[in-house]
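Chains: A, B, C and D, in written order; residue numbering restarts at 1 for each.
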Amino acid sequence: MWSFLHKLGSPPWLYAISGSILRWLLPLTLLALAAGVVWGLLFTPPDFRQGNSYRIIYIHVPAAVVALAGYYVMATAGAISLIWRMKMADVAMKAAAPVGAALTFAALFTGAVWGKPTWGTYWVWDARITSMLLLLFLYLGVVVLYEAYENKEAAGKACAVLSLVGTVNIPIIYKSVDWWYSLHQPASIKFTGDSTIDPSMLYPLLLMICAFYALFTCCLLLNMRAELLQREARTGWVRKLARGGE
Amino acid sequence: MPSGAGAPLLAASDLCLVRGGRELFRDLSFDIHRGQLWQVEGANGAGKTSLMRILAGLSRYGFDGRVQRRAPLLYLGHHSAVKGLLTPRENLAWHVSGAGDWSDADIDDALARVGLCGYEDVASHTLSAGQHRRVNLARLYLCRAPLWLLDEPFTAIDRGGVGELEAVMTAHVAGGGAVVVTSHQALQVDCEVRSLRLGAGGAQ
Amino acid sequence: MYFDSVEAMLAMEGHGVFVWSAYVVTAVVIALILLLPLRRQRRLLRELAADERRARAVAANARGSS
Amino acid sequence: MSAPSTTRFCLRLLRRQLVLAVRRPAEMGNPLLFFAMVVALFPLGLGPAPEALAGFAPGVLWIVALLASLLTSDNVFRGDFDDGSLEQLLLAPQPLYLGVLAYIGAHWLVSGLLLSLVSPLFALMLNLPAAAIPALVCSLLLGSAVLSLVGCIGASLTVGLRRGGMLISLLVLPLYVPVLIFGSAAVQAAVDGLPVAPYLAILGAMVSLGIALAPLAVAAGLRISIDA
């Protein structure tokens, strides 16, 4: 166990192992994404109320789920880097922020596009949408703060603190936005009532959620590899890598 | 007190610092005992200030090695930590370092000893850079911390002030304290000066 | 397959614009988050390799002239 | 001559910060002036109809107070960072948690407290019903404490950066959302004649949580900024 943790803290080992993981995980992810998209778009029946527009669910829900989970991945990595001073956790945290922000953006965009045929408007200040927007701002705050620091090690620590503060705040923000929405919600529209979902629609959705988790992992690893190269540019193993090509 | 008696006030082991791909020092190990005066020397950019900040505990990462601090310390950095809107007396009485609880008489005495008699109650922003420095140095007369870390204390100080400062350092060392000082000039003190030379591939 | 023809698939009973634009934008986002780190990594490696070559050339010159 | 007790030290810091603020009265008045000017912009932008203004007043007053607090929080540590006082604070033998709390307290006293006390004036300018004014003052008193606590987290993370001003708003504004929601809801409830106490209780809970956790984050942020 300790030796594993020790290895995890070693950049060359991490670089090598992430390379071999990506070699099979990346194709698998792309395959799962493609399969899920084809399944969801072409082989499922349309929703009896929303018609075909509901097919956006196959990207909207996974993106939203993984974006939210990604914040906790980022905050956990940040906590590890602050408490145990593990440099690799720092790298992981930095790598998670742009991926999470991109997925949050995708969830917001697909949500807005889905809203037009369903509710007749692109944007409603619905509790979930507003919370996602705030999540996007929290992610962007981390990205912006990281870029503002010149000393990247300090940047990592600062972002770790910020993401932990965000973690404490996210439940409060969600609850308060939820409550705020219930206060202002007009009685005529209601989106939150979840209907049961038919298995024929559920299975492709589950596949897509898994695929998005795998996608997040892939992007995290790719970002970490690039970050590792940059941070370790002057060390022996990177020089050897550069000499040998890849 | 004989030098080297008892546990060291500060023990540094295997300090190694890399900045911007350049190794400033490596495997730097030393113990600072009571009754010792250390001078850290080195060219500009050799890592003197970085070393002092590591010893003080202001730098907590970005270097390898361990520093054990076993006594309260007094750190004087490049900045004087003197607020222009406060008078010298207030600056010392409410000092953010939280080191002591001094009476007005103590503070006036210390200010007089750094040559600021009559300036106790004027706003500090009317004072010169050297006088700011002196307000900061007055802490040396007030503070009872056994270990002093002084980073370039002679900057902006006139020749008389340098002599007084050297006398304070000598007295502190003789009284069982320890001083680490970074400076480019040779110290005129009547006690042994241990030298810690940075640069050119490590300490000697 | 649920749809009868390619046209029906593209139109999706009038919702095609929304569904397809959502999918296309998401695809672009996914492509970006996959390709940007890959490009950064490749560029870094290329720069490092160039640095190496330059250092080796300087070393060779120094040896040749002395 | 030993180190002063932690309480004494914190009171000393608080006093120092307050004296520093009082000796620069113009700077202390700036947030109030900002408050006045931005409030004056709203009738110009929304039209002078009293009913419309009264409808927007709870939210407008809260948003402006929030911005005023945000703009001042950037400066809480900057002066001390520039002249080296912050290094000395970090080296103090007393717990940094409490030292930081003194700084935050001082910031609240010179920004939040003053804003809350002058807010009735601006509430009347925006036609807020007089019955809602006590709720406005109380919610601002509690809420601005949370704003100070959270704002100082942002300030501690950006104090070492040259371009802090814009950055701090990007970091901190999303975190202000819960305070804004419950603060303006309290005022709205008072306008509608509903009980205000539950909202104030929630704001009070946020203050307690903030006092417990925010100084930890600020202390960590300051250590990082000093080290960068």
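By definition in this document, contacts are C-beta pairs under 8 Å (C-beta built on N, C-alpha and C of every residue); 3 or more make two chains touch, one makes a residue touch a chain.
The shown structure was predicted, so the numbers you read here are calculated from the model rather than taken from an experiment.
K.L.:
Going by the touch criterion at the top, tell me which pair is linked by more C-beta contacts: A-B or B-D.
P.N.:
Top pair by contacting C-beta pairs is B-D.
K.L.:
Quick one: point me to the chain whose Cα centre is farthest from that of chain C.
P.N.:
Farthest chain from chain C, going by C-alpha centroids: B.
K.L.:
What whole-number Å value describes the gap between the mean CA coordinates of chain C and chain D?
P.N.:
Using C-alpha averages as centres, the distance is 44 Å.
K.L.:
State, to the nearest whole Å, the distance from the C-alpha centre of chain A to the C-alpha centre of chain B.
P.N.:
Spacing between the chain centres: roughly 48 Å.
K.L.:
For chain B and chain D, let me know how many angstrom lie between their CA-based centres, rounded off.
P.N.:
Chain centres of chain B and chain D, defined by C-alpha means, are spaced 37 Å apart.
K.L.:
Where the CA atoms of chain A average out and where those of chain D average out, how many Å apart are those spots?
P.N.:
32
K.L.:
Using the touch rule from the top of the page, what residues of chain D touch 2 or more other chains?
P.N.:
Counting only residues that touch two or more other chains, chain D contributes 227.
K.L.:
Any chance you could list the residues of chain B touching two or more other chains?
P.N.:
61-62
K.L.:
Residues of chain A that touch two or more other chains: which are they?
P.N.:
151, 157, 233
K.L.:
Make each chain a node and each touching pair an edge, then name the shape: line, ring, star, complete, other.
P.N.:
other
K.L.:
Check the chains against each other and report every pair that touches.
P.N.:
Chain-chain contacts present: A-B, A-C, A-D, B-D.
K.L.:
Which of the residues in chain A end up touching chain B in this complex?
P.N.:
Interface residues on the chain A side: 85, 151, 153, 157, 233-234.
K.L.:
Would you pull the chain A residues touching chain C in the complex into a rising list?
P.N.:
My answer: residues 26, 33, 37, 41-46, 51-53, 55-56, 59-60, 63, 95, 98-99, 102-103, 105-106, 109-110, 113-114, 116-117, 215, 218-219, 222-223, 225-226, 229-230, 233, 238-239, 241-243, 245-246.
K.L.:
What residues on chain A touch chain D, complex-wise?
P.N.:
Within the complex, chain A touches chain D at residues 82, 134, 137-138, 140-141, 144-145, 148-151, 154-155, 157-158, 161-162, 164-166, 168-169, 172-173, 175-177, 179-180, 183.
K.L.:
Flag every residue of chain C that touches chain A in the complex, lowest number first.
P.N.:
That would be residues 1-3, 9, 12-16, 18-19, 21-23, 25-26, 29-30, 32-34, 37-38, 40-41, 44-45, 48-49, 51-52 of chain C.
K.L.:
Spell out the part of chain D that touches chain A in their complex, as residue ranges.
P.N.:
Checking each residue of chain D against chain A gives 153, 157-158, 160-161, 163, 167, 170-171, 173-175, 177-178, 181-182, 185, 206, 209, 213, 217, 220-221, 224-225, 227-228.
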